[in-house]
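The first chain written gets the first letter, and so on, giving A, B, C and D; residue counts start at 1 in each chain.
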Amino acid sequence: MRAISFFRQFVEVVLAIAIAPLFAGWIAQCRAWLQNRSAPPLLLPYRMLRKLFFKDVALATDASALFRATPYVLFGTMVLAAAIIPSLVTDLPMARVADSIALVGLFATARVFLSLAAMDIGTAFGTLGARREMMVGFLAEPALLMVLFNAFLLYGSTSLPSLVDGYRTHPSIIDPSVIFAAVAFAMVALAENARIPIDNPSTHLELTMIHEAMLLEYSARHLALVEWASSLKLFNYACIGFALFLPWGIATQGSDGAGALLIAIAALIGKLVIAGAALALIESLSAKLRIFRAPEYLAMAFLLAVLGLLVHLLLGA
Amino acid sequence: MHTSQLIAEVLRVLAAGLLLISFAMLSGRRTQQLITLFAWQGVLLFVSTCLVAYSSGLTEMYYSAALTLLLKVIALPWILNRLIKRLGAQWDSEQLVNVPTTMLAGLVLVIFAFGLAQPIASMATTITRHTLGIALAVILLAFLMMITRRKAVNQVIGFLAMENGLFLAATSATYGMPMVIELGIALDLLVGVFILGIFFFQIREQFDSLDLHNLESLKED
Amino acid sequence: MLLSANHWISGLSETLAINDLHFMLVIVGAWTMLGFAGFLRPHSIRFVARLLFPAGAILCLGIAFLAGLFLASGQAPQFVVLPLGLPDLPFHIRLDVLSGFFLLLLGVGGAGISTFAAGYFRSGEGTAPALLGLEYHLFLASMAVVILADDAYLFMVAWETMALSSYFLVTSHHRIPEIRRAGFLYLIMAHVGAVCILLSFGVLQGGSWQFTFDAMRSAHFAPFWATTAFLLALLGFGAKAGLVPMHVWLPEAHPAAPSPVSAMMSGLMLKTAIYGMLRVSFDLLSIRFWQWGVLLLVLGLFSALFGAIFAAVQTDMKRLLAYSSIENIGLIFAGIGLSILFETSNMHLFAALALTAALLHSFNHALFKSLLFLTTGSVLHATKQRSLGKLGGLIRRMPWVASLALIGTLSIAGLPPLNGFVSEWLLLQSFLFTPQLPHAFLNMLIPLGAAALALAVALSAYVMVKFYGVIFLGQPREPSLVSARDANWLERLGLIWLAAGCILVGALPQLVLRAIAPVTAKLLGDTVKSSSTFWSIAPIAQEQASYSGLILLAGILSVVAVTFVCVRLLAHGRIRRTDAWDCGYPWQTSRMQDTAEGFGQPIRHLFGTFFRMERDMPSASDTAPRYRIYIEDRLWRSVYLPIARGVQKLSDAIGFLQGGRLSIYLLYSFLTLLALLVFVL
Amino acid sequence: MEIPIVLGLPLLGAALLALFGARRFAPELNAGMSLATLIAASLLVVRVIRFGPMLYGREQFFVDPFNVFLVALTAFVGFTTALFSRHYMRIEEAHGRLNPRRLRLYHSIYQLFMFAMLLALLTNNMGLLWVAMEAATLSTVLLVSLYRTRASLEAAWKYFILCGVGIAQALFGTILLYFAAEKTLGREGMTALLWTHLNAVKGQLEPRVLGLAFVFLLVGYGTKVGLAPLHNWLPDAHAEGPTPVSAVLSGLLLNVALYAVIRCKVLVEGSIGHLLPGRMLMTFGLLSAVLGAFFIWRQRDIKRLFGYSSIEHMGIITFAFGLGGPIANFAALLHMTVHSLTKSAIFFTAGHASQAAGTQQMDGIRGLAGISPTIGWGLMLGSLAILGMPPFGVFASEFLILTTAMREHPWTTPFLLIALAVAFAGIFSRVQTMVFGESDAPPLPHSPALVPVFVHLAMVLTLGVYMPAALAEWYRAAARLIG
């Protein structure tokens, strides 16, 4: 393993941490445009974070250590996730440490911690949010796994970088199963990142919210970390999507050197811009589901993914 | 060999008589009458045993004949008569199944018994071999009688009749069992009847009747 | 140090011509001795609990150490024949790699549980201490003997002794009728299962008096008989393992037992059933047909889902854990089934992978399930409450138990970098790298299986969040909880041991994988390659899939630390304590929190068809509104009650045979006589 | 020389107790005589071990591996039961259920019963065997009706009639046997009824006659074994008689009756082959096991419960004998031993339990472990033993029987499985509620004399995990003998 790959790893992680809030900001902006509101400034997320970091923490009287540790854990897991996903390059040292199943595991860890923290204070909304979050999770997670499985069956590996490599080395014709997988992935991504139609990131109408309900008790730096982590999560999902379905531009094993990296960065930003717009579009076009409908939506995603697998085995193999 | 032929004829007649008596017992109504019939069975047995003894020239058969006379003709009927007099049970006796049905069943049994005994009897060398089927029939009929009676006393009589059948079988098939066994059997029989006597009184004092439907409380419910 | 110990042992063995097995038998004997030693001072809890149980724990460590040495040294199997048992059938005892692995599991798990138990048992609770100690140590010893037995008779004797001792442990609070009922259900299921196993051995036996496992290995069977033996064994061992639909006793018995016993049953005893299944199907019957694998796979996955779904709707913390045990057993069986499937299609490497996953999961389950049951024990002692509806907020009263329980929760939820994740990762791998199986529909089956597996795992995360959140987090739901006290030091020690195990196996799974490798090598002739580096595992090939719990753990910790430091340096650490905000609602009462029932609601909503539910809803005008819901297992009504009713009906029906009328009785014998006469005519 | 002593002592005891049976020392005398008998029996055993099988008294008596261990068992259980009844009957007398006259009757008849059974075991003469069986019946009839209550009279009456009729069938069977034997052996020297001689010539005996004879013998002695559907007398007699009597009925009489059946089976098999008798025994056995189990399920009276359990176990033993072959016979003999030990122990505890609770109805018996741990745990362990829980010996025999059945007649195993499971559920659910749980009954005024119970259970336990070589040798030899 060469120093260069560690360097690239570092670049990738730092870049992820840096531009994740920007991505969130961009989506907000697109949504504003689409709903012809006057858009908030693009850098608003950064200002928010700064402001939050310098406020005093108002902590509930009987908040336990778990509650205070959770934001850091969330942030940590998301950063690690970012380190595993080949957003720029594929020869990632971390990718050997944890493959994509571990990646799903990391997301699960984050979710569990967040839910536990939400239950810690023992408020009505916290627990409610936690329950709903776990409900979304236990259906979304398998769906995501199934989507990944689909790719695994195509390229015979569970580590995302080698998936990308495999795809780049012999760009097979689009496998029919990929379509199912793509749709399922999109649905899961929406659900996992607390987006419409499952959840509305920009609402505080208590009875409909999921993600926000869990953050109610967080303030200041804790809140900042949580928000940052969630934007990182969104970013990570986007990158997973790219790696699985449009891996063009990612610097593969052979091609090292500054050029490839720059191209990769450019490609990533381009994809992010498009993805953000698309996401905003979807969100603006669709309406939020009743919370009871959520399981059906997710079950649909899950079934699509499984269907993709079966299709692959029927037609592909 | 003329005499032996004659004896065989007589024996057959006697056996037939036994069977007849069993049927009579099967249909018999009164306890008193049953006891009399039982005694007559004993008499017939005694006679036939004597004849067998004579024809086969086995002295021990005389003993067992004497035993029969003592036990089945004299002792047991006497005991039973005293019993039922003391218990005042000599009149009442009725059956669970009506007589014709019982008779019919008895008939079937007789046929069955003959069919069963035929091959064995053909192997026997004894002069009385053909009566083996009758002996079996008597046993089965006595069994049937025990089933169809409701009075304790009558069941006992049926039981004793069964013993008669066994005795007949023993004599007819194999000129009787060895003496020791005969004695043992007789002893058991006597003791059994004594115990029965004791029982009757206990049952009487507990249930003030010998009717068996008092003795139907122990059951699965 | 281990090496020196190894030398010392080997030196001793050479001088005395004894081997690990002898030491193990000594330990088994010592357990029994300990059990009876309790009667020296039958009522002194200090003597029995504080002295004998720790001794038992040390013996557990000893047996684990010996098993570890044996597995590490890779010796040939060792035999002993005891002059006991039936004539012509003395007790055969054999230590091979398979038993070695399960003894390791037994020792590691037992050490923690015994230590905890030493602190757990109080005087004046249920059975007298001495009796409890006897039953407990007999239970341990019989489990060890089950694993070591090498002939059918000894196996059955140990097996039933195990069931019996555990039954008495379960019913140690026998004054409570529910507990008696649970114990009865447990024992009858165990006994029927045992008879099935016995019959399976009856099929397997090699001829007259040929009940040794060697004879069975060498015997040859027609396919039909092989399958019969397999099915009987599946019935028997499945009933013990709690495989659906033979699971009904498990959620009754586990909660009824004192917590260390529940831990022992769930963590260790169920594994003896796994052991038996492996012994019979892989070793004695050297697997024959892929259909067996399919059967196990389907049953296992169904049990996994079933267990997870039912666990999610439980309102009793120990029942919840019991159902989660069903789920985990299901996963293990699925792994075994997969392994059989691969082995019968000559893919030894993948078979080994699946089996490795199953064995590793057994080991992990022994660790975290025991840990969690023990924590429920501490909670029970501290609060006298078992119902989730009356708990909450204990993390502030019992920090030790809470933090250790958190580790257990995370690992049973299958989250990296803890041990639960590793085994589930391996299992997914073995599902994933299924090359083309010979049968078309099997190929269809595999992805579905993977889906079910993923669903079950995700559900278990849901369940565990409910478990931990409702018990330890939030506001105490009962005022009495304020007086809850933390576990005493012995209990803590036991919990720490197990929790440390969870973390260690999570970080360095290859420690256990090294122990598993010889097992798969023996049973399947192939082993998964644990990769060159000691910190990461790559079962098939580095580029296909690799995982390193250690680095992941280090990574998370370091990132967290860096973040923390950065935040503190760049910003500040000021904190102001206030009331909870909760959208500004003025009154916060603990009744406002989500309850266990509430947490189960989505599952009930989704999987309503699995349950029989009876709700009583409060009306709007209730002064003290209470929402109650009774969940029941459909299988209970659809399978077990009918059987019971059938027996009842039959026994009612035959009552007339004993009608009390002498004439009828005479008629019976008369007819019997006639019938037999006709028969011989 | 031992044989006349073994037979004489109980007779002497009967005579003595007929005189002194009402005295205060009568129970001790009873126990003493039984002990003497036991000693004599063990001397006999020693002698047989040393010199092998022996004949005695113009071949009228004989000892071979098959009956010697039954003799030992009978003497032993007879002794322990006498020990138990020493205490138990005193309590009964204290409760006013018996008076000295009855006790005299009880004691002397008890000895007589012992004599009858030992005679049945030791005699070489099939006719004498019949006489002894009849004598055993008559004596036990008196014992069953000891309490002179309505129920006990009824039970005794049914017992008497059913077994009397049965015995009559057996006599006819014996006659047929004699009839067949007389052809080959002749009447001279009365050898035609001696089992040893019959066994020697069994090959030449006329098959048809023997087949017929076997039916009558099986129905006859089978009635006393308690094989369904000839079993109806058994639960009543067990439930209504005094507990020691129930113990010896289950523990000894059934064994002796079965012994008679097997003796006959050996002869018959020699003539008509294994198939027919084997199938008959298997069918009877399965029927009894299953019926017994289902009857167990519905019992309310503790002694009835275990009476039916005896039917079930006799069924299992008969089935095993029907299977035949060295292992099955071995297992059957072992099961005879452990069953009689365990079952008598259970009846001892059950007796004390019902004394403690003042009723035989199981609903009335609660929390024995609380009232008196010895009774409670005695009952619990005894039931577990009889239910075939290792490491008790019953499990050993059931293990062998089930595995052999699985190997030779797999179709029978479902029935056995059902029988075992139902019996388990039926007995254990009751025992659990009787032993465990709360109890409102007062603690016992008198400590129960349960040494015999734990001695028996200890022996059963030992047989489960370790069998002395000598004993195993007997079993093997006996199994070979039975073939």
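Assume a contact is a pair of C-beta atoms (placed from the backbone, for glycine too) under 8 Å apart; a residue touches a chain by one contact, two chains touch by 3 or more.
These numbers come from a predicted model, not from an experiment.
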Just to be sure I understand the contacts, which chains border both chain C and chain A? none
Pair joined by the larger number of C-beta contacts - C-D, B-D: C-D
Could you tell me which chain's Cα centre is nearest to the average position of every protein Cα atom shown? C
If every chain is reduced to the average of its C-alpha atoms, which one ends up farthest from chain C? B
What whole-Å value do you get for the distance between chain A and chain D if each is reduced to the mean of its CA atoms? 78
Inter-chain centre distance, chain C versus chain D - centres from mean C-alpha coordinates, in Å: 44
Centre-of-Cα separation between chain B and chain A, whole angstrom: 101
CA centre of chain B versus CA centre of chain D: separation in Å? 31
Spell out, as numbers or ranges, the residues of chain B touching 2 or more other chains. 116, 143, 146, 155, 215-218, 220
Among the residues of chain D, which are close enough to touch at least two other chains? 157-158, 161, 165, 212, 295, 298
Could you check chain A for residues that touch two or more other chains and list them? none
Hey, which chains are touching each other here? A-C, B-C, B-D, C-D
Of all residues in chain C, which touch chain B in the complex? 655-663, 666-667, 670, 673-674, 677, 681
Residues of chain D that touch chain B when the two form their complex: 125, 127-128, 130-131, 134-135, 138, 141-142, 145, 148-151, 153-158, 160-161, 164-165, 168, 171-172, 174-176, 178-179, 182-183, 187, 190, 192-193, 206, 208-209, 212, 236, 239-240, 295, 298
Hey, which residues of chain C end up touching chain A in the complex? 392-393, 395-396, 402, 406, 410, 413-416, 421, 425, 428-429, 432-433, 436, 443-444, 447-448, 450-451, 454-455, 457-459, 461-462, 464-466, 468-470, 473-475, 536, 542-548, 551-552, 555-557, 559-560, 563-564, 567, 570-572, 574-583, 585, 588, 590, 592-594, 598-599, 601-602, 605-606
Report the residues of chain C in contact with chain D in the complex, numbered from low to high. 83-87, 152-153, 156-157, 160-161, 164, 171, 174-175, 177, 180, 183-184, 187-188, 191-192, 195-196, 198-199, 201-203, 205, 208-209, 211, 647-648, 650-652, 654-655, 657-658, 662, 665-666, 668-669, 672-673, 676-677, 679-680
Report the residues of chain B in contact with chain D in the complex, numbered from low to high. 116, 119-120, 123-124, 136, 139, 143, 146, 152, 155, 159, 162-163, 166, 169-170, 173-175, 177-178, 180-181, 184-185, 187-188, 191-192, 195-196, 199, 202-203, 206-207, 214-218, 220
